[in-house]
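Note that subunit A is present in both complexes that follow, paired respectively with subunit B and with subunit C.
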Partner chain A sequence: MNDRFEIPASLKRTSMALILIGIITLVAGAITLLGSADIHDKTRFWVILLQNSVYFLLITVVSIFIQAAAALAQGSWIVAYRRVPEAIGANVWVFSLIAVVVMFLIVFTFNINGHNPVYPWVNPAGDKILEGKSSFLNPKMFVGFTLVTVILWSFFGRKFRSLSLAQENAPKNSTKIYWQFFRLAGVFLLVYALTQMSTTPWFWTMSTQPHWYSTMFSWYTFASAFVSGMSVILLWVVYLKNQGNLELVTKEHMHDLGKFMFAFSIFWTYLWFDQYMLIWYSNQPEETVYFKLRQQGSYSVLFYANIVINFVMPILILMTRPSKRNYFTVTFMAMIIIFGHWVDFYQAIIPGPLGSHWHLGWYEMGTFALFVGILIFTVSRTLASASLVPKNNILLKESIVHLS
Partner chain B sequence: MAIKKFAVACYDDEEVLFPALKTVRHSGYKLHDIYTPFAVHGLDEAMGLKGTDLHIAGFIFGLCGTSTALGFISWILTSDWPLNFGGKPHFSLPAWIPITFELTVLFSAVGMVLTWCYLNQVMPGVKKHVFHPRQSDDYFVMAVELNDQTSEQEVVDFLKTTGAKETSVQIAEDSWWYGRFDKEEAYQKL
Partner chain C sequence: MHIKYESFVREPLVNGDKTYHQVTEDIIGPIEKKPGRMWYIGFFFSVALLCFGIFSVTWAVYWGLGTWGVNRTIGWGWDITNFVWWVGIGHAGTLISAILLLFRQGWRTGVNRAAEAMTIFAVMCAGQFPIFHMGRVWDGFFVLPYPNTRGPLWPNFNSPLLWDVFAISTYFTVSLLFWYSGLIPDFATIRDRAKTKFRKLAYGVASFGWTGSVKNWQRHEALALVLAGLSTPLVLSVHTIVSFDFATSVIPGWHTTIFPPYFVAGAIFSGFAMVNTLLVISRKILHLEDYITIGHLEAMNKVIVLTGSIVGVAYLTELFIAWYSGAYGEQQAFKWRIMGPYWWSYWAMMTCNVVSPQLFWVKKLRRNIPFTFIMSIVVNIGMWFERFVIIVTSLYRDWIPGSWAYYSPTWPEVGFYLGTFGLFFTCYFLFAKYFPIVAVAEIKFVLKTSGDNYKRGMETIEAQSEEDFIHEVETHHAHA
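Here is the complex of A and B:
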């Protein structure tokens, strides 16, 4: 069986080219945007970096979450391709590092006349609402929560990978590592609930518009990240299958991933609509300011495109069973979903700092390419470093005969 | 609905049933149906049954629910009896989405249950011919349809070679009926 993945030269070239494009974009951005006299250009440079680094960090952490969730449910369906989420999860530290550097640079160095356009709460003086929130929204808390979060995520990502690799050399039918993984998975879910599902979106994205708040926001961000994270896993599985690896993965497993993409697109819509309808119904000025900016200004294109791409397309295209078992439709929809939720993050983060001065141009696309390149580069290296079949895993046999 | 003649073979093990089913289908006899005491995995594929289209019915029922809800609510709240709720416009779509969603689910669920009952001929009061009383106990009963050209004896002998514990030839109504069955005369004619 072909259980070793050798990185094809084409993939290596692609990832290198994407990273190169990204670095050129960053350098060009630093010269033209950061060097510009216009405040909005400077803000655009930072806020796009923030959006991309947070988006890619959150969708890679989903790979750790799905391993933990499957382990706690004792699910065997993931085992046939679990090396993929493991490899993505083991590289969370890369994206953590990038996100931390970007966010700390924004918090500590970005200052225009005593005002931080991306995170206005950094200088709360003179703003009553921000002064009231300053015991929570302040640089010290931000740094503390961020560091604890990313260190825990990076640790669990690498720990899960190493435990799973250790299982290969463990005595046959030994369940010691299995239960160790099980216990750690429970701990990780707790960590994840207290970070991704509550505090991190408050600090990282919601605080770009610190006057506004929503109790749904973290769940909404989680749903967004989860569905695109599953799409990333699916793209890797399809790619590895096309390379002749992952022979144990069948249409049944693809059907499972397709179901996740379908179901969680609906879940995302549910949370999106919950947040929207409650704010629309109660109609309080301090809450409606979020949607007024997005639905009625120049962002209305993105606002409606967001629903079409992330709800209408998945529900219509992925609804039938044959479409979830068809490699073309699931791959196409995975790309659409990843792009769609990137747009979702864009319209959540950008309007606060940039207002109507936004462009979707070369800088946004180049930064996106940089992160895609890093994702391909790091994950392919991790995938190639070990066997793609989790031999000796006690659920492997169950996973092979799995029926969706 | 028609009255037909069937050769019936009873097996006491699914491991005998599957090869027997394969032989029967391979020999070109027309399979009527198989009755088993419990759901046997893979039997539908072995019988060559097509996947169900029930979900398409579900989708259509769902669309009916969506349009019923949206149509009815918008008719009431914009033209028949407009009310002012907190200064919202009369046509306020976001407030109707939850009800629309509920009716979509309700219509598709109830519609699919009824369609399923119709397709499987299991409604309260609907009766069907029972080929062997032990088909709900421990027998796997296979009914093969006979016609003018097939020789009864040949088919029965053939079924015995496939490992059947009991065989018989029965004249029966092949579909369902409702209420009292009074087709004795039709049976006599055959």
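Here is the complex of A and C:
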């Protein structure tokens, strides 16, 4: 069995090239955008970095979440390729570090005449609504919540992988680590509920438009991140299979991942519809302001593209059984979904700070490339550092005979 | 044939040395015998409650809804609280039969039949409340949209109350079909064993001439998947639309975007609790402990702690955003909920739904039957209070302090609620007597992978190295 992954030179080159493009973009952005006299240029520099760092952090954390969920449900379907979510989860600390640096720089250094265009709540004086929220929305709380969140996520990401690797050398059929993992998975789920499912999106993204509020927002963000995170896992699995690894992964396993992409695209749409419909129906100005900015005016193209890419395409293309068992279709759809939810994060985060002065240009694409490059670079190194087959895993044999 | 293998780390779904025949004997046997004394006592008590319910409703219809405690400020009271409560309970069955089928959860086979039956009875109970809440119930057919003799008068299609009519009737229909189609092979089994002519005829008619041929089974399984696909969105849509009844309004405490998914989570929470209530008793009385094992109850309890925690996150989110919004009305609504004259209902809800289910993180408690039973009741008390809190404590402090009011139910309202318990348990007792409460055919389907005696035979596979196992799977496939 070919259970070791050696990073092909082409993959290394690709990731290095993407990172290089990203760094050049960043430097160029710092000179032309941050150095510009225009407030909107400066804001664009920061807010795009914010959108990408939050998006990539949240979709990589999904890999930790799915390991925890599968452990608690005692799912064996994931075991054949569990090294992939493990490797992504083990690199959550990298994306955490980037996100923390970006966010703290925005909070503490971005200031235009006493105003912070990305996080207006940093200077609440004179704004009655923001003053009312200042016991929650303030730099100290932001730093505290953020640090606790990313430290916990990074810890669990690395812990899950090390536990899974330790099982390889455990006595045969010993369930000690299995149950230890099970218990930790429960703890992680609680952590996840109190961070990603509630407080984290309030601080990191909802507060870019701090007058507006929606109780659904964090769950909505979760759904968006989850379906993209599963797509990232799928892309890695397909890639590794093409390299001749992961021989135990069959169409049955691909079918599962396809079902996740299909079902949770619809779940995302369900939450999208609930939030939109309830705000539209009750038509209260303090709530409709959010959709008015997005649906009417310069963002409308993104507003409708969001639905087409993230709902219409998945439901039509992934509906049938053969399409979920076809490598080309699922790979194509995974890329579409990752891009689509990147757009979803874009239209959630950008309109507040930038208003109608938005661009989808070299800077946005270059920054995206930077993060993709980092993801490929770090995850491939982790994948190469251990066996791709979780030998001695209690559920491995079940995963071998798994039927979707 | 596929290799029948399941990891030793899973506990068996069927305990004891069971053969296919023994499974039939154990589950069909009680139907062929006369019911015990406990059954008669329970059944007649239920019918008595039902009669009292009918009396209470007749009273309210005859004298008018003035006999109820609802008033101008608090126009929805126990009636709608009970409606939402019952409809919520009616979510577990379809979740178990549809979503757990799609997720390939083998343990659903032990509990799905009873859960589906419970769903249908609960939805029947739920339906009574909006109907009799209409007051002039003889005009109830006005909710049906058909070209009519009332001129241009149509139901208001913009109203979530009308969407409820569609959502619930669709849900009821599909759940009934799902339940019944699963019963067909089991009815045929009873027919084939029948000793009396009448029984043979009745179950023969009920089983639609099922012969058990390969074609029969193929179509049966295809139908189950199609119905599962149809029911999965229905599990979400029903309680989503019930939540719209509140959330589309502009009433503080009702209008909040998280309502739809949080109502669905709460519905599953209460439904699973009700399934546990029924199964803990049924397995004991009908001696089905080998089929509805402690492992099954534990799995149900895990879902309860999961959904209870989701609901908990939603409660705290609601509370936090009410403050965060800076909207005066929102902040006041939640202040009055927590600290107003109805404070006890809010804290009962919090305790029963969020705090006490957390005890299920402890494995010993998840597997403790008396504790499971008590918790299943506690959860449903909590879920009743949740609806009471949402409905009554959002209404009783109106925009105008002059119309602030208090509300207590009168005896016809309480009688109506008790009457639905009568209806529910009357149906359940009849079901437990005449229908197999565990799906015989589906148990047989998992028996050879998850049955205790078969799992003991898998020790050789467990001892194999992974390479040998892979080799065996490959040769096995080559021969198949």
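Quick note on the criterion: the second predicted complex is superposed on the first by the 404 of 404 C-alpha atoms of A that agree within 3 Å, B and C clash if a C-alpha of one lies under 4 Å from a C-alpha of the other, contacts with A are read in each partner's own complex, and residues count from 1 in each chain.
In this section, a residue touches a chain if its C-beta (ideal position, glycine included) is under 8 Å from a C-beta of that chain, and two chains touch if they have at least 3 such contacts.
Nothing here was measured: the structure is a model prediction, and the numbers come from that model.
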**Request:** Look at A:Met216 in the shared chain and tell me whether it touches subunit B only, subunit C only, both, or neither; answer first, second, both or neither.
**Result:** second
**Prompt:** Of the two partner chains, subunit B (first) and subunit C (second), which one does A:Tyr281 touch, if any: first, second, both, or neither?
**Reply:** both
**Prompt:** Of the partners subunit B and subunit C, which touch A:Thr109 in the superposed model: first, second, both, neither?
**Reply:** neither
**Message:** Quick one: is A:Val401 in contact with subunit B, with subunit C, with both, or with neither? Answer first, second, both or neither.
**Reply:** second
**Asked** Touching A:Arg321 in the superposition: subunit B (first), subunit C (second), both, neither?
**Response** first
**Request:** Answer with first, second, both or neither: which of subunit B and subunit C does A:Asn169 touch in the superposed model?
**Result:** neither
**Prompt:** Of subunit B and subunit C, which one contacts the greater number of residues in subunit A?
**Reply:** C
**Request:** Take the contacts of subunit A with subunit B and those with subunit C, and give the residues found in both.
**Result:** 277, 281
**Residues on subunit A engaged by subunit B in the complex (per definition of touch)** = 273, 276-277, 280-281, 283, 319-321
**Message:** Give the list of subunit C residues in touch with subunit A in this complex.
**Reply:** 2-3, 5-10, 102, 104, 233, 236, 240, 244, 247-250, 255-261, 302, 309-310, 313-314, 316-318, 320-321, 324-327, 361, 461-462, 466-467, 469-470, 473
**Complete:** Counting only contacts in the complex, subunit A reaches subunit C at residues 1, 72, 74, 76, 129, 132-133, 136, 173, 175, 178, 186, 190, 193-194, 197-198, 202, 213-219, 248, 259, 266, 270-271, 274-275, 277-279, 281-282, 284, 286, 389, 391-392, 394-398, 400-401, 403
**Fill in**
Per the touch rule, the subunit B residues reaching subunit A in their complex are 51, 55, 59, 86-88, 94-95, 97-98
